[in-house]
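What follows is a set of structures for review.
Two complexes come next, and they have one chain in common, subunit A, joined by subunit B in the first and subunit C in the second.
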Partner chain A sequence: MASALFYILIFPGFLFVSVFGLAAEYIDRKLCAKLQNRVGPPWFQPLADLVKLVAKETVMPVDADLTIFRLMPVVALTAAITALLYIPMWGPQALFSFQGDVIVVLYLLTIPTLTFFLGGWYSRSVFSMIGAARSITQLFAYEIPLFLSILAPALLANTWSLSEMTVFYGQHPRYGLFNFAGFWIALTALLGKLEKVPFDIPEAETEIVAGSFTEYSGRLLAFFRMTINIEMVVGASLLAAVFLPYGLHLGPLVGFVLYLLKVLLVVALLSLSRTVFARLRIDQMIDFCWKYVAPVAFAQLLADLMLKGLLG
Partner chain B sequence: MPERNFTIPIGPQHPALKEPESFNVTLQGEKIVGMNVRLGYNHRGIEKACEERTFVQDVYLIERVCGICSHSHSTCFVQAVEEIAGLEVPKRGLYIRTLVAELERVHSHLLWLGVAGHEIGFDTLLMYTWRDREVVMDLLALLTGNRVHYGMNTIGGVRRDITAEQIPQILAAVDTLEERTKYYAQVATQEMTIIKRLSGVGVLSHEDAKHLGAVGPTARASAVDRDVRRDDPYAAYGALSFNVVTDNHNDVYGRTLVRVGELMEAYKLIRQIVANLPGGPIAVKAPRKIPAGEALSRYEAPRGEDIHYVRANGTDKPERVKIRAPTLANVQVVAHMLKDRYLADLPIVIAAIDPCFSCTDRAIRVRSDVDAMPETMSWPALRAQSIDWYRQQGIDFTQLNRTFMKK
Partner chain C sequence: MALLDRIVRWARIKSPWILHFNSGACNACDIEVIAALTPRFDLERFGVLLKGTPRHADVLVCTGPVTRQIKDRLVRIYEQMPEPKFVLAVGTCACSGGVFRGCYNVMDGIDSIIPVSAYIPGCPASPQAIIDGVVKLLAGIDHPETQAAAEESKPAPVEDRPAGKEAVEVTR
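For the complex of A and B:
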């Protein structure tokens, strides 16, 4: 019982993932600033922002459905944190694992987007409603390529468990390279999931203010912002576990340091894309995902199936 | 998305707009089906204030019409006054005026490039162009003493001379800017996501541009070959050689190309001005009282043709000043360009005319068929109406007024 509480609250649960999320936000913001020739925030800025938001008054729209409006940020945060428990971090074995946890992690990562939709929709503000509709439209564009690109390596490893996948790719490191295209697809989809440029369409500041989050303020907004940070860390961890499963057999300490580095690499790639692209339009985003990203994801799946057939 | 239409308020307070202006957009899903533009949130009564001040004071007031094309407005105004007074501005004065005008065009277009980047979610372009805009801002501060309101013009010439030491600094700054602008031109014309967001957006055909009376880069990007600097030369433009940049893309992409082209032309012009700067005085003494008469002055501001009308009545104060800022001519085309387009295109299409709403806001009259008001209202009637209006808003000053009256 005590150890379960420790896992959930301290490591790798709430406390660790929050600190890691804030650190990831700092690195994302600082790197982005450096790439844009700005100074960027000091290291404590994400924490300061969080403290400020938590301390502020939470204003709620009169017309909003208050139950859903209040509930959604908490649901989003819980889902994002839970997903991390099934991802191997310091060794090939995650804290919890069972056959099918890949699917569970992917679904847990979908929940925040659904909460953005519901929270935005029930805010009853026009900007939120457009943002919410865009969130859900975008979900249909990136979710399938993401699932395909994560499930293809799982097929090759012949398991539905992330931990077993890591063990498999640890034994056959060269097969990991085979999923190279999948890594880029998953990265693209992650950009969509985290609503970052060029896919920050649901919260396009210059069109719909802050999209789903327009009416959110104070503690509830802090929860949502934390969710996005944690989603970024969890998404990056998922990519690291599936596509970069190297060095995890070198012991917990080396494995953990390598894990942090891999996550930071993914975060750095996300911030790089944030600085070199302009925001696409929602129709262009969907065109792009279905015309280019999804076919490549299918090709990756087929290639994995063929390789599996060849290996017998 | 529901089938029914709904209206979203873009402005008067909205992140896409840097100034208060209202665009009520009716949407069907993501498509814009109708739009209602309303100006007038920034009316400052500058024209009326001009009539209360002397001509010299007006130069500084007029400069504050706009925070970006401040030199444009003051030049346009002094040109009109000089024409009425029959003043012959010395050549050196005209050249310096032109130099500041072109530097202003450079800073305005660099600013626009950054804003355009921001509106399509490409903040990196904003950060880079605004960093380099500092080069020209610093240069303007060096030459005129100010970054924004230069205070360079006076009736009869300019107020500050350019020294020999400043000339190498101007040339060095222009070299830096030219090199950077080439890079931005490359980025803006080759980066895929930018092209996707700009090309085919905000289409304004050649005929429509003429029909709706578009001016400046907005018109020139629809192949309307019109530029006051060439068609009706003022200041030193008659003696300088430059190309009028036009484009036939008809869209926001074309407007970007025109502005980048104009930046390159501006660097050429600045070099020519510096090389051919004539000697002599920079200003002639203007009389305090301007003889009766009227004049219309045209000026090619960075945003398009700026028009000032001045009527003098022989005193030291103008009888009437009328300003038509270029945005007023261009704001009509926005609604046209946005018809049946996506909501996502709205910020960039509005930004593509490089709007300057506070310059545009002159006298307005909002007409409503529901409560038709008489054409003119007497002072007591106006007062009664305002008291009534405030009362409806829940504010009642009656008691307060009485207390004041007693005192």
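For the complex of A and C:
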């Protein structure tokens, strides 16, 4: 009981993941600033933003469906934090694992997008409804490449559990290199999931104010911001566990430091693309995902299947 | 509780998100506000972010005199912002009406419609002046007593002059 509470509240649960999420946001913003040749925010900036939002008035729109409007931010945060429990961090074994937890993690990471949709839709403002429709449209574009690119390594490892996957790739490190294309596909999909710049169409502030979050303020907005930060960390951890499962057998401490470095690498790649690219239109984004990203994901899947067949 | 208050006040000072609103400026002040947000001046150093929606904003940055057309919209946007909120009047026009003062189609400065927390004169106000104004505004938040005193000594909002639409209907 006590250990379960410790897992849920402190490590790797709520406290750790919140601090980690805030740190990731800081690194993302600072790196982005450095790449744009400016100084950037001080280290406590994400924390100050969070505290300020929590202490601010939360406006409830008259037209909104208040139950859903209030509930969605909490659901989003819960789903994002839960997903981390199944991802191996300091060793090849995650805190919890069972056959099929890859699928569960992928679906848990889909829930925040659905809550963005529902929350935006039920705030009943024109801008948030457009944003909600866009985020669900975008979901259909990146979700399938993401699933394919994460499930292909699972097929090769012949298991549906993330922990067993890391064990397998720890024993056969060269097979991990084989999934190189999958890493970039998953990274692209993650950009779409986090609604970061080339794919920030659902919250394009120059066209539709703030998309789904237009009507959200105060505490509820703080929840959503935290969700996006934590989703970034969890997504990066998932990528690290599936595509960079190296060095995890070197003991918990080294493994954990390596894990942090891997997550840092993924976050750095995300902020690099945020600085380099400009926003696409929604139809261009869907074209891009279906015409180029999905076929490559299929090719990766086929290649993995063939390799598995060859190896018997 | 005192500690909590101090933490919250610290957070408020360190993270002012702004909403830029042109209430009838000649556009020069707007260009200066945008210039202040560019990498050269880098307002993100102070935690300033430009937001698109009044729901996320803490500071309403207004430029220009209030035209009679935009008066209702200005009030509406102000009402949409969650508490605590601050208003920054950028440019001579926003402070007093400037060169447009007394025109048949404009009210006077921003403070004839909504309460203003800090004034930044200049025609147009330069980015340096705007940053200075923001820093002074934040210093005001840090000392709520002076802020409250300033609030009290402020003249009551000027009543709408006879011509033009009267009713200010605030809807969400």
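Following the convention adopted for this analysis, the second predicted complex is superposed on the first by the 312 of 312 C-alpha atoms of A that agree within 3 Å, B and C clash if a C-alpha of one lies under 4 Å from a C-alpha of the other, contacts with A are read in each partner's own complex, and residues count from 1 in each chain.
Criterion: contacts are C-beta pairs under 8 Å (C-beta built on N, C-alpha and C of every residue); 3 or more make two chains touch, one makes a residue touch a chain.
Predicted model only: the values in this text are computed from it and were never measured.
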Subunit B versus subunit C as contact partner of A:V39, first or second or both or neither: second
Most subunit A residues touched (candidates subunit B, subunit C): C
First, second, both or neither for A:R279, with subunit B first and subunit C second: first
Partner chain in contact with A:D49 - subunit B first, subunit C second, else both or neither: second
Partner chain(s) touched by A:S217 [first = subunit B, second = subunit C, both, neither]: second
Which superposed partner A:Q99 touches (first subunit B, second subunit C, both, neither): neither
Which of subunit B and subunit C A:A133 touches, first, second, both or neither: first
Subunit B versus subunit C as contact partner of A:V197, first or second or both or neither: first
First, second, both or neither for A:E205, with subunit B first and subunit C second: both
Those residues of subunit A which subunit B touches in one complex and subunit C touches in the other: 36-38, 127, 205-206, 209
Footprint of subunit B on subunit A - complex, ascending: 35-38, 126-127, 130, 133, 197-198, 200-201, 204-209, 275-284
Contact footprint of subunit C on subunit A as seen in their complex: 29, 33, 36-42, 44-45, 47-52, 55-59, 61-63, 127, 205-206, 209-210, 213-218, 221
Parts of subunit C lying in touch with subunit A, wherever the complex brings them together: 7-8, 10-12, 14-15, 39-40, 42, 44-45, 47, 51-53, 55-56, 58, 80, 82-84, 172
Interface residues, subunit B side, partner subunit A - complex: 1, 6-9, 14-16, 27, 30, 117-125, 127-128, 131, 191, 193-194, 196-197, 342-347
